[in-house]
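Labels run A, B, C and D following the written order; every chain starts at residue 1.
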Amino acid sequence: MIQYVLQLALAGLAQGSLYALTALGLVVIYNASTVVNFAQGAMGMAATYVAYLLLTNAQVPFPIALLGAILTAFLIGVVVQTALLGRIADAPILTQVVLTLGLFMFIEGILGIFFGYNPRPMAIPLGIGPVLIGGLVLRPQDVIELALLIVLSVGLATLFRTTKIGLGMRAITENMYAARLMGIPIGRVLSLAWGIGVMLGGVAAVLAAPTTSVTPNMMDTIVVYAFVAAILGGFGSLLGAVVGGLVLGVIVNFIDAFLAPELAMSIVFGMLLVILYVKPDGLFGRRTVEKV
Amino acid sequence: MLTVRGVTVRFGGLTAVNQFDIDVPDSGVFALVGPNGAGKTTLINALSRVCSVAEGSIELNGCDILALRSHEVVRAGIARSFQRAEVFPTLSVIENLLVGLHVDMTTGIEGALYLPATRSQERDAHARAEELLRRLDLWDDRDQSPADLPYGHQKLLDVARAIISDPKVLLLDEPFAGLTDAETPQLLKCIVDAGVNCAVLMIEHHFELLEGIAQRITVMDFGRKVAEGPPAQVRTDPETVRCYLGTSRC
Amino acid sequence: MLRLSVIVGSALLAVLTLNVATIAQEAPGGTVTGDTIVLGQTAAQSGPQAPIGASRWGLEAFIASVNDRGGVHGKKLRLISYDDSYQPSQTTALDKKLVYEDHVFAIVGPIGSPTTAAVYKMLDDAQVPLISMGSGSPIFYASGLKYVFPSWPIYTTDGKTMGAFVKKQFPGQSTAVIYQDDAFGKPILEGIQSELGKVDMTIPYVPSQVDFSSDVIKLKAAGIKVVMLATIAAAGAQVLNQMASLDYHPARILTASACGYTGIFKTIASLEGSYCTAFLPAPGSTDPRWGAFANAMAKYEPGHAPDIYAAWGWLAGQTVLGGLERIKGPITREALVSALDTLHGFDTIGGKLNYTADQHEGLCCQVVWQAKSDHWETAAGSMFNGSTMK
Amino acid sequence: MSIRRDVLAIAFVAISALLPLVLQTIGQRQVYWLFVVSELFIFAVVAISLDLLMGRSGQISLGHSGFFAVGAYTAAILNEHYRVDVVLSMLAGGLLSALASLIVGFPATRLRGHYLGIVTLGYGIAVDQIALKWDALTGGDQGIHLHRPTFFGVPIGSPVAMYYISLAVLVVVIILTWNLLRTRIGRSFAAIRDSEVAAAAMGVPIARTKVLAFVCSAFLAGLAGALYAFLAGFVAPEDFGIDQTLLFFAMVVIGGMGSIAGAIGGTILVDGLRVAASTVSGLSLAILGGVIVLVVLFAPSGLKGLLRARARSG
C-alpha cells in the first residue's frame, strides 16, 4: 500500500512539474505585465510542433529539438508582446486578456488547419527504460521533468535577484511610472518577460507531448491546472507556482486513484474555492494594501 | 457631539495616531492642521472606519462608532471626502451625488421595475442633487463623467457627495487642495453653510482660509495633539509656530 | 421609457397577429426534382474530435465513385458537409440549415453521439431520413424511429465482443475496464459485463483527463492481467503509453473507435500484441471490400488516408445508396425510407445490414484484431455474431 | 434618455419584429434564420448579464456558461418531468442559477481580478462535469430533449413563436437592466467598481453589493439558458464548455464594457461571425480567433469606443 501511494505521488510530482512550468510562465508574464495569458498553452503547443517537426522530419537529436522549441516559444512571446500587446498597452487589462483569448483560438485553429487534429506521436528518445528502485518504478521522463523544473526555476530566481534586467522586471511590477523615470527600458523588459514566460510553457508542452501526443488541444487541460497552480501559489510568487504545481499534481493523482477521476477538475476547483475563502491570496500570496 | 478618546492607530511598527483625544460639537467648522505625516488623514480614516483602531474609543452622541463597519458609519451620520478626489468616473456627475444619497434611499433590485415608489424617490433625490449642483456651480457638468472635468471640479464633487447626505459630522480631507482661486469661494461658502447644521472637521494647511471660518484649530504632529484653540490663539502658539508655521521642521 | 414600452408592445402585438397564421413549415426538398440528390452531413473538422470527422472524406470518395459510374437513377449525388466542432448546439443549427436552407434530401453519416442525439428527434419529427450516424449509442436503435437508420453495431455489441473474446482467450484471469463515463463508454462496459459476468476493476474517466498514470499504477498494483479500454483514440494511446513507461504489460483490448487512425502504430510504440474490436476489415487487409474503398480513396481523396474513420463515411454512403437504388418511381423521402426498410442481408464494407419496417438494427457482427508489427490482423476464432464467438 | 437612443431602440425592435415577415416573403426561409437570430437574442441577454457583472460592478466571470447551463438544465428537467411552461421555467432557471451563483459569489467578495476569473472558470467546468456525471437527472452526454414548449398552456413550438418570445425576453431584459442601472442598486455597482473605498464611505456595503451583482447577473444568464433550452429543444453538457464562456466574454469586451448597446453590438458581431464561420469547414476557430485579435487591436475600447471616436471626429 505504501509503495502504491508513493508511486502515485511520484507520478503526480512528474505531472505536477508540467503544471508548475506552465504556471511559472504565467506568473513571469503576469508579474511584468499584469496580463493573464490565456494563450499560454496554445503558444507552448505551437512550439511543440517545431520540436516535433525537427524530431521527425529533420531527425535531429532531442536536445536540439527542445532548443528549437524553446527558441520558437521565446520568439512567439517577444512577437506577441511587441507586435500585438505593446500596441494596446494603454487599453484596460481585460481588453488585453481578450486579445490572449483570441490568440488562443487563432493559434489552435491555424495549427489545426495545417496539421490536422490527429494525435501525432512524439517520444523523447532516451535510450533507457524505467528503473526499479525499492519496488518503485522510476521513469526517465519523470526525472527529466523534475530536473528541468528545478534548473529553470533556480535559473529564473537567479535572474530576478541578481541581473539588472531581472531587477528591472521587478521594478516595473512595483511601479511602471517610476520604472520609466528610472530609465528602465520598459518595452524591452516586457518583451523579455513574455519571451521567458512563453518559453516555460513551451518546455512544459514539449515534455507533455510523449503522454498527450502532439495535437492542437494537447495543452487545454494542463493549462487549466496551471492556472489553479498559479493561484494556489498566490499568482505572483515564483516559488508559489512551483510548489502549487507539484502539490496539485499529487492531489489530482490521489483524486484519480481514490475519489472520482471523472470529477477530478470539479473537486480541484471545489478545494480551490475553500482554500481561497480562507486565504484569499493563495498559499504564498501577499495582500496588497490599498492606500487612500 | 463626536467624542474621541485615546485613539491609537498603528501600521506595523509605526504609530500614526497616538493617544489622540478630540471633541467635536454638534455644529461649526473645526480644523486639523499639521505637517505632512502628522497623522491627520489617518485620524480621518480612523473616524470613518477605513483603517482599524488599536486603542481608544470613538463615540457619536453616545453611539459606539468603532462597533460599525466602514459602510455603516455613514448611516450613523459621519460622511467624508478624500484628499485625492475619489470620484466614480463611470457615473455622471449627478449620479455621483446620488450615490452620496445611498443610505437615504431604499430602492433595491425592484428598481428594475421602476415602480411609482422608485420613481418618486428618484425624483426627490434628483431634486436634492440638482439643487446642490446649482449651489456649487457644477450644473453644467451634471451629465459629464467626472473624469473629464478639471481637477478642481472633481474635488468639489467629492466634497458635495459627502455634504449631500446631510451628515451629523462631515470629515473633509484637504478640500481646497487643487482648487483654483475661482473655485475656492463657492466651496468655502458651502462649507460654512454646512457648518450651521452639522459639525465639519477638516484638514487644511492654509491658515488664511481657516481664520474666517474655523471656530477651533487642532494642531497635530507625530500622531499627537500639539495645540488646540481658536485660530488667532493657535496662530501665535509657540508649539504651532515651531512645528508648523516656522521655517524649521520639528 | 413608458413611450418606448408602448411602442414596442404594440409593434410586437401587431406582427404577432400577422404571423399567427404561419403554420409549422414542412421540411422542403422532400422530393428530388432536379438532376442532383443533395445529401447533408455534420462532422467535426476542428477541435479534439476532428480526427473522427475524417469520415467525411470516405463519404466524399464514395459519392464521387457513384457519380463516376453515372449516379443513381440518372441523378448525381452531392454532399454538403458542415463542421459542427462536435458541439450539439452547432449540430442543431447546422442541421436546420441543411434541411431548410440547403434543402438536402437526407442527413447521412453525421459524426458523434451527443451531436446526433441533439438532432435525431427533430429530424424524425420533420420526416427527414437520418442514415448511418457515426455512433453506436443505444438511443438510435429504439423502435418507432421511422426515419432513423443506424448502421454501426450497437455499442453493447462492441462490449460483448470484448467480453466474449476475453472469456475465450484469457479465462479466469483478473480483468479491468477503463471506460469513458458517457453514452459511448457505458454501453460498452455493460456489454463486457453481460458476457463476462464479473469485472475486477472499473475505472471511469472524462475526455479532459490528460494523465492516466494513476489509473495505470492502480491497475498494476492490483495485478490486473487483462485490461479492456472503452476509450476514444487519444485516451487509449495515453493509457497504453503509460503502461509501457511503467513497465506494465497486461493483455490489452481496445474498442473499435480507438484504433481506426493511420498513425496508431507510431503513436503507441507498445501496440504490438494488443487487441482491438472491429466491425470493419482491418486497414490494408486483402479483403476486397476494403480494397474497393482504399482504391476509391486513392483516386478521389488522395490527400486523406484510407483509415477506419474514412471507412465509416464509406459505410454511410453504401447504406444510403442501397436505399436510393431500390426506390421505384419518384424519389421522395417516403420512398427512400420504404426502400431502406427492405434492406435485408444487404452487404456493406462492414458486413450485412438488416432493416425492417419495425426494427432498424445496425451491423450484427464483429471481430477482434491483433497488432502485428505494423498492421492489424484478424485474430483467429474471433468472429462474434452478437451472441457467440467462433 | 436621448432621442438618438430612442430612435436606435425603436429601429432595432421594429426591424426585429418585421424579420419573420420578410423571411416569409423572400421564400420559406424562416426555420433556420429565425433560429439563428433567436439564438443571437438569447446570447445578447447573456452578454447583458455579463456586462452587468463585469462592465458595471467590475467583477470578472469566466464561468457564465455555467450559469447559462444551470438555467438550461432547470428548464429541461422541469419540462421533462412536470411539463412546466416557458415563463415559469425561465423564472425557475433564473432563480436556481442565482442561487447557484452564491457558491462563487461569496468567495468573490474576497477575491479580485484574475483570482475571481479563474475560480469562475472552474465553476463553469464543474457544472459541465457534474451534468455529465449526474446522468440520472441530466441524461449525461445524451442530454435531455424538451417536449413542445407551452406558454400558459398554449403550445408555441413554431420557430416564429420562439422568435418572438426571445425578442420579447431580450426587450424586457434591456428595460429591466436599464432601470436597474439608473436606480440606487445600479449606481452602487458602478461605485464599487470605480472605488471601493469611496463607495464604502457613501454607505455602500461592498461585500453584499458584489454578491448582489453576481446574483442579478446569474439570474439573467440562467433565464437566458432556460429559454435557450426551449429554443434548441435539447440540452447537453458539450454546449456549455469553455468555448461558450469565451464567446460570451468576447461579446462583452468587444462590444465595449459598461454599455447595454455595446453588449448587444458585441453579440451581433461575435455571434454573427460564429454563424458565418460555422459553415466554413475547419476554419471557423482560426477565423473567429483572428477577428477577435484584430478587433481588439484596432478598437481596444470596443465597438462602443469606436462609435464614440467617430462621433467625436465627425
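Here is the rule we use: a contact is a pair of C-beta atoms (placed from the backbone, for glycine too) under 8 Å apart; a residue touches a chain by one contact, two chains touch by 3 or more.
Quick caveat, the model's predicted, so the values are computed rather than measured.
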**OP:** Find the most central chain, measuring centrality by the gap between its CA centroid and the centroid of all protein CA atoms shown.
**Re:** D
Original post:
Comparing centres built from CA atoms, which chain ends up most distant from chain B?
Top reply: C
Subject >> Computed distance of Cα centres, chain C from chain A, in Å >> reply: 36
Subject >> For chain A paired with chain B, centre-to-centre distance based on mean C-alpha positions, whole Å >> reply: 48
**OP:** Take the average of all CA coordinates in chain C, do the same for chain D, and state the distance between these two points in whole angstrom.
**Re:** 34
Original post:
What parts of chain D, by residue number, touch at least two of the other chains?
Top reply: 129, 132-133, 179, 197, 282-285
Subject >> Set of chain C residues in contact with two or more other chains >> reply: 1, 46-47, 50, 181, 206
Original post:
If you look at chain B, which of its residues touch at least two other chains?
Top reply: 50, 82, 86, 114
**OP:** Would you tell me which residues of chain A are touching chain C in their complex?
**Re:** 3-4, 7-8, 11-12, 14-15, 109, 112, 116-121, 123, 129-130, 132, 137, 139, 141, 208, 210-213, 215, 217, 220-222, 252-254, 256-257, 260-262, 264-265
**OP:** In the complex, go through chain D and note every residue touching chain A.
**Re:** 54, 60, 103-104, 106-107, 110-111, 113-115, 117-119, 121-123, 125-126, 129-130, 132-133, 196-197, 246, 249-250, 253-254, 257, 282-293, 296-297, 300-302
Original post:
Okay, in this complex, where on chain A does chain D touch?
Top reply: 30, 36, 84, 87-88, 90-99, 101-110, 112-113, 224, 227-228, 231, 235, 260, 262-263, 265-266, 268-270, 272-273, 276-277, 280-282, 290, 292
Subject >> Sites on chain C touched by chain A in the complex >> reply: 46-51, 53, 181, 203-206, 208-215, 217-218, 221, 233-234, 237-238, 241-242, 245-247, 261-263, 266-269
Subject >> Residue ranges of chain C touching chain D (in the complex, touch as defined) >> reply: 1, 3-5, 7-8, 11-12, 14-16, 18-19, 22-25, 28, 45-47, 50, 81-90, 92-94, 96-97, 99-101, 113-115, 117-119, 121-122, 137, 139, 181-184, 186, 206
